[in-house]
Amino acid sequence: MNASGSNSLKLPLRGIVPPMATPLLDRDTLDRAGLERLLEHILAGGVHGLFILGTTGEGPSLSYRLRRELIDQVCRQVAGRVPVLVGITDTAYVESLSVARHAAEAGVAAVVLAPPYYMPEGQPELREYLSHLVPELPLPLYLYNMPPLTKVPFALDTVEWAMEQGGIVGMKDSSGDMGYFHAVLQRLPRRPDWSLLIGPEEMMVESVLLGGYGGVNGGANIFPRLYVRTYEAAAAGDLARAREGHRRILRVSGGLYRIGKHPSTIIKGIKCALACLGVCDDFMAEPFSRFRAPERERIESALQDLEGIEDLK
Amino acid sequence: MNASGSNSLKLPLRGIVPPMATPLLDRDTLDRAGLERLLEHILAGGVHGLFILGTTGEGPSLSYRLRRELIDQVCRQVAGRVPVLVGITDTAYVESLSVARHAAEAGVAAVVLAPPYYMPEGQPELREYLSHLVPELPLPLYLYNMPPLTKVPFALDTVEWAMEQGGIVGMKDSSGDMGYFHAVLQRLPRRPDWSLLIGPEEMMVESVLLGGYGGVNGGANIFPRLYVRTYEAAAAGDLARAREGHRRILRVSGGLYRIGKHPSTIIKGIKCALACLGVCDDFMAEPFSRFRAPERERIESALQDLEGIEDLK
Amino acid sequence: MNASGSNSLKLPLRGIVPPMATPLLDRDTLDRAGLERLLEHILAGGVHGLFILGTTGEGPSLSYRLRRELIDQVCRQVAGRVPVLVGITDTAYVESLSVARHAAEAGVAAVVLAPPYYMPEGQPELREYLSHLVPELPLPLYLYNMPPLTKVPFALDTVEWAMEQGGIVGMKDSSGDMGYFHAVLQRLPRRPDWSLLIGPEEMMVESVLLGGYGGVNGGANIFPRLYVRTYEAAAAGDLARAREGHRRILRVSGGLYRIGKHPSTIIKGIKCALACLGVCDDFMAEPFSRFRAPERERIESALQDLEGIEDLK
Amino acid sequence: MNASGSNSLKLPLRGIVPPMATPLLDRDTLDRAGLERLLEHILAGGVHGLFILGTTGEGPSLSYRLRRELIDQVCRQVAGRVPVLVGITDTAYVESLSVARHAAEAGVAAVVLAPPYYMPEGQPELREYLSHLVPELPLPLYLYNMPPLTKVPFALDTVEWAMEQGGIVGMKDSSGDMGYFHAVLQRLPRRPDWSLLIGPEEMMVESVLLGGYGGVNGGANIFPRLYVRTYEAAAAGDLARAREGHRRILRVSGGLYRIGKHPSTIIKGIKCALACLGVCDDFMAEPFSRFRAPERERIESALQDLEGIEDLK
């Protein structure tokens, strides 16, 4: 499919697939050196894949030109070491497809799609939309369930319908609703190639203990090894170690994600922590902006409290 | 500013400014003949402006290429007969600005912007976003308050702040919350160049009777003269005629907008009615689709009931 | 039906029916002297009815014993001068019926009922509930549409169903959704005994200008004459005077209802203003409490700004 | 404290505390024989406590007279075999306190309170309310977090405040938000007498695996032993058995709770299943009603599929 053959994906996908933050120097300028460092920092943690242009990656805030530049740059540097997944969520079908085609040419392994999120579509409309789009996609698709931001969920009967379609190979569930998560998981035996990954890191351990496939967790930008080892403990049924990892992840979340008042505080916290650690710039594209000095001081102090947190025995 | 000088705008803007439906043959193909007919149909009704690429115009569902083509085509045909307003709402700052620049070159009179609508920003973030964007815009801006779709409103204190900024000249309020509408209206004396237009046509008459500046009402795609005359009656304080116009607008709304079950039913109803009347194609870009035969029959029957509705004495 | 014959109700009910605040000395003690003054204050304004034990009356916060005492006291003092309406909204059918029976014996004219508001019922469940309860009620019933507090609205098809039932004679709509209000109003010609009254005072004038029957407006506790005269102007089609009344009502609302941060701020503002004016105590039953000194000072200052506001020519 | 001494409570409370359905013959008539059978059925499963007059028990739909009768009857029959908890949630402070006092005299062990749920109070108002009520309560209190029904949650800072008060000994969390649950759990080391129990049974296993204290799960009305054994497996860290129990609980939930369309379908399913099993009548107090024949047939068929589900090895 492409020169480097880097887009191979072993199904079902399992493990930690960090939703990468996008290092920026300005609203339309990649922090290329920072991106290089961030990628190596994450890959050194032993992650099982990489998800770019998602919510944490500020995908919807970036120009299409920058999205393409980022895809190219990431694929070139990752060079097949792990599968790269790319968010193509858009309100415009044509633009989703266009990004997906660019991604396929760059060597991406799969694309990730949340429901169009301006005017809320009904579930029959959502299914018809997928039935048009999925056959045109050049890459396998992961559904991205994110109702707090898209207003529209992938309802359970839509998920059942999706399991009967080719082209779709799993879901990232960021609903935070474990009842929904378990209900989807119950249906997975129909599709051995599907995986179900969880977004909120606070529920990663329980999801994996009860059959989940892994996590797309923002904190793995900062402490990738902690998330990988915790996932491995949970997947192996090592309850004591999984609990300890869970407690540590809660400390990350409690320390870094509640500094500001608006929902963007999580991304701000992650980017600020990466900047404090010298990994990359913390510029954020509008309508958001990086933490100012008082919040940054709180992040710095939280990072000191978290020192050594990756050393999960 | 441009060859035809067509982008002049007399402030404050008053009257009926239809949010034009976008005639399509396919998801990325304008129905150019239909667009020509629709434009002349609307202009013949005596409207005071035209708003393209809004919610009714399926703006967020269209490719950027098509948005530009539509802007060019509309400006060429309108040729300064009424001011053209263009929606530039986007989650990506760079793309909003890019559409605004194209619009200015094409001869558009003003741009219209709702809050970025993926990750909900707080009001301070929204104000900072506007403080970056507005000075870069080549055209005057109308705020577009549409919290059911954007999740984020322009809160009252943000509107007060906006009234102190240059570059912003009014608001289209589609919140449906008349308490909010009146509270904004109360603050307008500070800015004689601002206007406050209302989205939901069911509240157009009362808004104008109590000081509002006009309506951006979807039904004016179909029956432009009804909305213009009703507006004029309300603006002139002709209560009997305004009431009669109001009752007729409710009949349009009751007959055409509640056929389907999902929020898109209003746009579907408008496009289907335009197709039944031979004005233009009713193709809808994904994730939506035109009404099927059963719904179309109900629209046809409603149109028969509405015959002669424009003849408001 | 009762000794004083005071429960007669001329249908359809029209005019200003203030939702009376409940003067309290303590959470289970009526401020009887304050109640006496408040009643005469309101009645002196020329109101067309009185609604007790509604939202503004803190109905749901009061013990059943106190609710009965209040009903008795109010009926005795009003003595048939205006019809008294009593809120019987409850999550428990048996308690609603019990209050309604007590009210009938005391000489009340009608009861007012919002949907049970703990576990949200579906519309078919709501209709079945009404079909059980209404025939057992000893008094005519007004529906009370208040979805922000009950979660469940009276959906349009439920209203249409209700119009075919005996025993129901109208609705108080506090949804704040004028599209809904107009849709209900459109259906009223079927039932000449029904009236449709509006809750939010900011929309009273427009509702009456377009066919509404009056208002159940909290501010009429404080300035009853202003609301009565404004209603009369709107009902008579005196647009200039109605607009002036509307502007004054917005000043009341803007001055008194946005002092605090929580939804209870409206009731707190009304009770505090009544206390400042020497009418009654402003104690509030839990989970609420009266304004403290800083908020009270703002109310006092707002009252000075509002001096003379009732003198609508 | 009372004749039978039955109200002793060993802190912290751990295990399965079923939220008992209330067997009714009519809206104000207990099914006393059914109640007797239901109680023995539940107790035979080895449960660790009993919670009456909660959401599943239709507490808010019942008259105060019936609530008192139920409390008396349950206490008499349980006779100290397990601690009995009683829901006292109410919009009226006086009525909450009155039920609590009756409960204390009857030998109840603790009371359970969700935030007043008509007009939504702010968190400072909620804390002030608790600071008045809790000292007056004759029994220890469990907070009941149920934002989908009360609109108001116990926010994290309110929980932290509550941990500093006497009189409160834990929380039942029915929010369904595991991020919230873990955040509360993180704070429990401050109070060794507190417990944190979870409402939604689909999340019981994961909550206990990660440190939770047990479940208040509706399905334990029908299959008490399944929930008890599953809890014990999770509490003992027996991951294989806990997973099997979890899968079985999901089968109960999937089979019985999604038959109808409205939120009440869960309670309807539980009561209908109990009726099919000959335990008690399935009458439901308004505004709800029992399943009709078609839904009942689906419950019967689901019960056949679930046969033997309690035999968790």
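Just a few scattered comments:
Order as written gives the chain letters A, B, C and D; numbering starts at 1 within each chain.
Assume a residue touches a chain if its C-beta (ideal position, glycine included) is under 8 Å from a C-beta of that chain, and two chains touch if they have at least 3 such contacts.
Quantities reported herein were computed from a predicted structural model and do not represent experimental measurements.
Shared contacts of subunit B and subunit C, meaning chains that touch the two of them, come down to nothing at all. A centroid comparison over C-alpha atoms places C as the chain most distant from subunit A.
Separating the centre of subunit C from that of subunit D, both taken as means of CA atoms, is a distance of 36 Å. With centres defined as mean CA coordinates, subunit C is found 51 Å away from subunit A.
Along subunit A, no residue makes contact with two or more other chains. In terms of inter-chain touching, the protein chains here make up one closed cycle, each touching precisely two others. Of all possible chain pairs, those that touch are A-B, A-D, B-C, C-D. If you check the complex, the residues on subunit A that touch subunit B are 27-28, 55, 60-66, 91-95, 98, 115-122, 125-126, 128-129, 132-133, 149, 151, 261-264, 267, 285-289. Per the touch definition, subunit A reaches subunit D in the complex via residues 176-179, 182-183, 186, 200, 202-203, 205-207, 209-211, 237, 239-240, 243, 246-247, 250, 253-254.
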